[in-house]
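Before any comments, here is the structure.
Letters are used for the chains, namely A, B, C and D, taken in the order the chains are written, and counting of residues starts over at 1 for each.
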Amino acid sequence: MDKTEKWINWITHFTEVIIEHKDDLNGLDSAIGDGDHGSNMDRGVKAVKEKIDGADYDELTDLFKDIGMRLVSKVGGASGPLYGSAFISMAKAAKESQEPAVLLEAGLEGVVKRGKADPGEKTMVDVWHPVVNSVKEGSLTQSVIDDALESTKEMKATKGRASYLGERSIGHIDPGAQSSAYLFTTLLEAGVLDD
Amino acid sequence: MKKIINQPDQVVDDMLNGLAYAYDTIVSRVPGTTVIVRNLESDNRVGLISGGGSGHEPSHAGFVGKGMLSAAVAGQVFTSPTPDQILEGIKAADEGKGVFMIVKNYTGDVMNFDMAKELAELEDIDVDFVVVDDDIAVEDSTFTAGRRGVAGTVFMHKILGAAADAGASLQDIKTLAEKVNNSVYSIGLALSPATNPEVGKPGFELEENEIEFGIGIHGEPGYSRETLKPSKELAEEFVRKLKKEIGWTSGDRFAVLVNGMGATPLMEQFVFMNDLKTLLAGDEKLDLVFKKVGDYMTAIDMAGVSLTLLKIEDDAWIDHLNSPVEVIGW
Amino acid sequence: MKKIINQPDQVVDDMLNGLAYAYDTIVSRVPGTTVIVRNLESDNRVGLISGGGSGHEPSHAGFVGKGMLSAAVAGQVFTSPTPDQILEGIKAADEGKGVFMIVKNYTGDVMNFDMAKELAELEDIDVDFVVVDDDIAVEDSTFTAGRRGVAGTVFMHKILGAAADAGASLQDIKTLAEKVNNSVYSIGLALSPATNPEVGKPGFELEENEIEFGIGIHGEPGYSRETLKPSKELAEEFVRKLKKEIGWTSGDRFAVLVNGMGATPLMEQFVFMNDLKTLLAGDEKLDLVFKKVGDYMTAIDMAGVSLTLLKIEDDAWIDHLNSPVEVIGW
Amino acid sequence: MDKTEKWINWITHFTEVIIEHKDDLNGLDSAIGDGDHGSNMDRGVKAVKEKIDGADYDELTDLFKDIGMRLVSKVGGASGPLYGSAFISMAKAAKESQEPAVLLEAGLEGVVKRGKADPGEKTMVDVWHPVVNSVKEGSLTQSVIDDALESTKEMKATKGRASYLGERSIGHIDPGAQSSAYLFTTLLEAGVLDD
């Protein structure tokens, strides 16, 4: 199994998990947003799946670019440009390196450049940030992901739609953090980090 | 959900086709996109586009035409359009002098329009934009995604539209847009929630006698829930909030927009305007040099109204507001 | 009842004041009356007035101005205005060439306008009128007070308005009005009832999934209650009924109005128009030479739509429909 | 007590009865019309009362004219022109005669000229018509009025707003017939017909 295949497996698996949890994500977003994060992501990953299913990818950069462009043009809302930017940024980085830590760090940079959220603002960054750090240290485990996700619950949102709720956003898990947790759980499961 | 629709996920497509058909003398739909463009020959003007999630009709396609927008880009209901669609809007609007985008301040909109700008620049189209954030119900941006763009956007469409069609440059329009955005203030209230057809149930709940002040045009939470009051008292609350924010003195000139949220009949909007007359023109002695009442920036079938005040900083703005247009919804 | 109003019995007064204030560049309220008159110098035209109960906004005051009505007379909500008020409207509209009245076919309206005509004649003003009865949902007048006047009245306002301002005589206008009335057909449906603020509760009841075909603009009963159907099937029912009534053949020319009843958002109206496009322009191959979508003849906050078809019997009608106006609501 | 006074007493009494039964009349109109007949009549008789209270009337024609004009300009809807025309027609007739039968017949003619309803169409004419006939024969009693009123119940409306209900109008008393019944009951009670 070569390197590209593992990454493809990851995305395919991520797609399945998102579709399966569409309603859960909508539910999380209903509590503190506008209830569409599941629908948005579902629309996006289905478009990704359609594009990459059966396609041959010799270069990681082409794979990530296709994923990013599909997400950008299908998801809409806030999460579309964010996930899209992550993968487009990874596509750029993949021209230079195949290292998961380097690629994922580029992805995080893409998210932060686009959304300008700092850790602690109750967004997907609160999962991406600790996860990428752990990958860099070679110490990513499921519990790192779970803890990061759980930490968003007690945060007060100051970015995105949930910020209009102020204090009332506290007590709910952030939907984008949840979809990102799925992203990294499937990353672990697909063995992308193993070698 | 009781609505005159077919498949809920087809609602935007059906609506755009119906609109483009009904008003084929003014606009067309760019095939394969969610872009509505005006039927005007290219004439070296700066292109002016707006857009955002659907559900705010007549915004934004209703303001496409001579004297206002060159094109509008529609997203799914209450969801920002994607960069590829916005890029199509930019291309449809481009007459070689650059394209200016009117964006409402929502995280999704800002990011998607921003990406579209990057894509357009790859194709050598000059793009600039303003992010309208007129909703004074929201705390400042240290704690939130910032003030939301609401009905004040309609004044932005009109003023920039008049300027663009009169030959203003991209840089002139940018400067004008920033000035207008710094002078426009809105606040809204809801009597009953909107139902997004793709969701199928109301976005929030209000008791039989309850209203919410400060609500957003997607049903975002406001700042207080209270029992329904007479129109006069609702108007007083709006005026109190706006006065605190703007700090006007008597004689100041304003344009005013009383905007219906979608399900509130004109009867109530005119009653509300009558109370505002007493407060703004009477008590506060403001000079209301331009006035408008009706449904301009709606939230599907939400019942409620918003009030927008634009402080006139330049006499040209009044001319721009009054200049004739050929659009569906002004 | 959840409404933005003050005293329910002051609603018409407040509304007229709000309207006249908001649009003081176009119209004025005649002091001490319920008449809204346009701000135009007298110029020897035939005066054109309309009116009726309030609750149909923007009808009728929203159509007062250059190119349409000279004046409009408002009654209490859903109640005909009285002859003395109509007489005030006649006087306000009179420029010495006589005054033509557009009356909708309701017993009260017909009698009150008729008495006003008698009063005006005592003051040597020539008055003539048309009684618009376009609602095909009603059985013929052997069994009823006759077909009701509904949204087709708006086309009447526009066509006669253009003719009057172009200098047509009272007799010409009468002839034109009769022709238009014989060529205009409407049918409506409701998703939910209207609440008259003076009554305080809905005028009828519909189940959560029920609609009523053939409903009138005051909530008069229609011809059948059914469960809600997709827009396409609602459009099919309208087209079937209208076809049976009109008996058109392909290529026939029509003006079409999709009219919102007050609480139905434009989103749904455009979806409905898209389905009508398929049926009327597609299947039936009619030539829809003029089209309009929006709230023109409402029933306060009733949810629903109506469809009006005007068979074009004279090319001049198309010009009249397209000629520019300066009014609030066209 | 001269002739004018009796007529004034009649109208004053009618005014009170209408005000007292405003909601009942609205109720009848809700069943087969638009629920405003009580409010309409209430508005009208209050205006009449305001006009004639304390005023001196030497001539019946002036009294009836004032009543008619007030009703016409305050009631609105269908019943305003109908009641108004009745009294204006009576005012004209009063120039020639003081005979109740002559005056009331003129009133009926005013109603019919304005509304063009025949007996049997479920309108106020179904009370006016038999009552005026009885007055002419000198045989008006309360039971004539009651029977006339009751007869509207089983009629199917073919005039006015109730006609849109078709068959469904059957089984309800006509609101305008009810207000007319009050008119003639108070006429009897005021002794206008006695001499």
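Here, a contact is a pair of C-beta atoms (placed from the backbone, for glycine too) under 8 Å apart; a residue touches a chain by one contact, two chains touch by 3 or more.
What you see is a predicted model; the values in this text were computed from it and never measured.
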Contact distance in steps, from subunit A to subunit D: 3
Rounded Å distance, subunit B centre to subunit C centre (Cα mean): 29
Distance from the mean Cα position of subunit C to that of subunit A, given in whole angstrom: 55
Inter-centroid spacing, subunit D versus subunit C (mean Cα positions, whole Å): 32
Residue list for subunit B, restricted to those that touch at least two other chains: none
Sites on subunit A at which at least two other chains make contact: none
Interchain pairs in contact, sorted by label: A-B, B-C, C-D
Residue numbers on subunit B that touch subunit C, as the complex places them: 2-6, 11, 14-19, 21-24, 54-55, 57-58, 62, 191-192, 197, 208-209, 211, 228, 230-232, 234, 258, 262-275, 277, 281, 291-293, 295, 298, 300-301, 303, 305
Subunit B-touching residues of subunit A, taken from the complex the two chains share: 34-36, 39-40, 72-82, 84-85, 114-115, 158-161, 163-166, 168
Contacting residues of subunit B [partner subunit A, same complex]: 75-76, 78-85, 106-108, 111-112, 114-115, 138-139, 142-145, 148, 198-199, 203, 216, 218-221
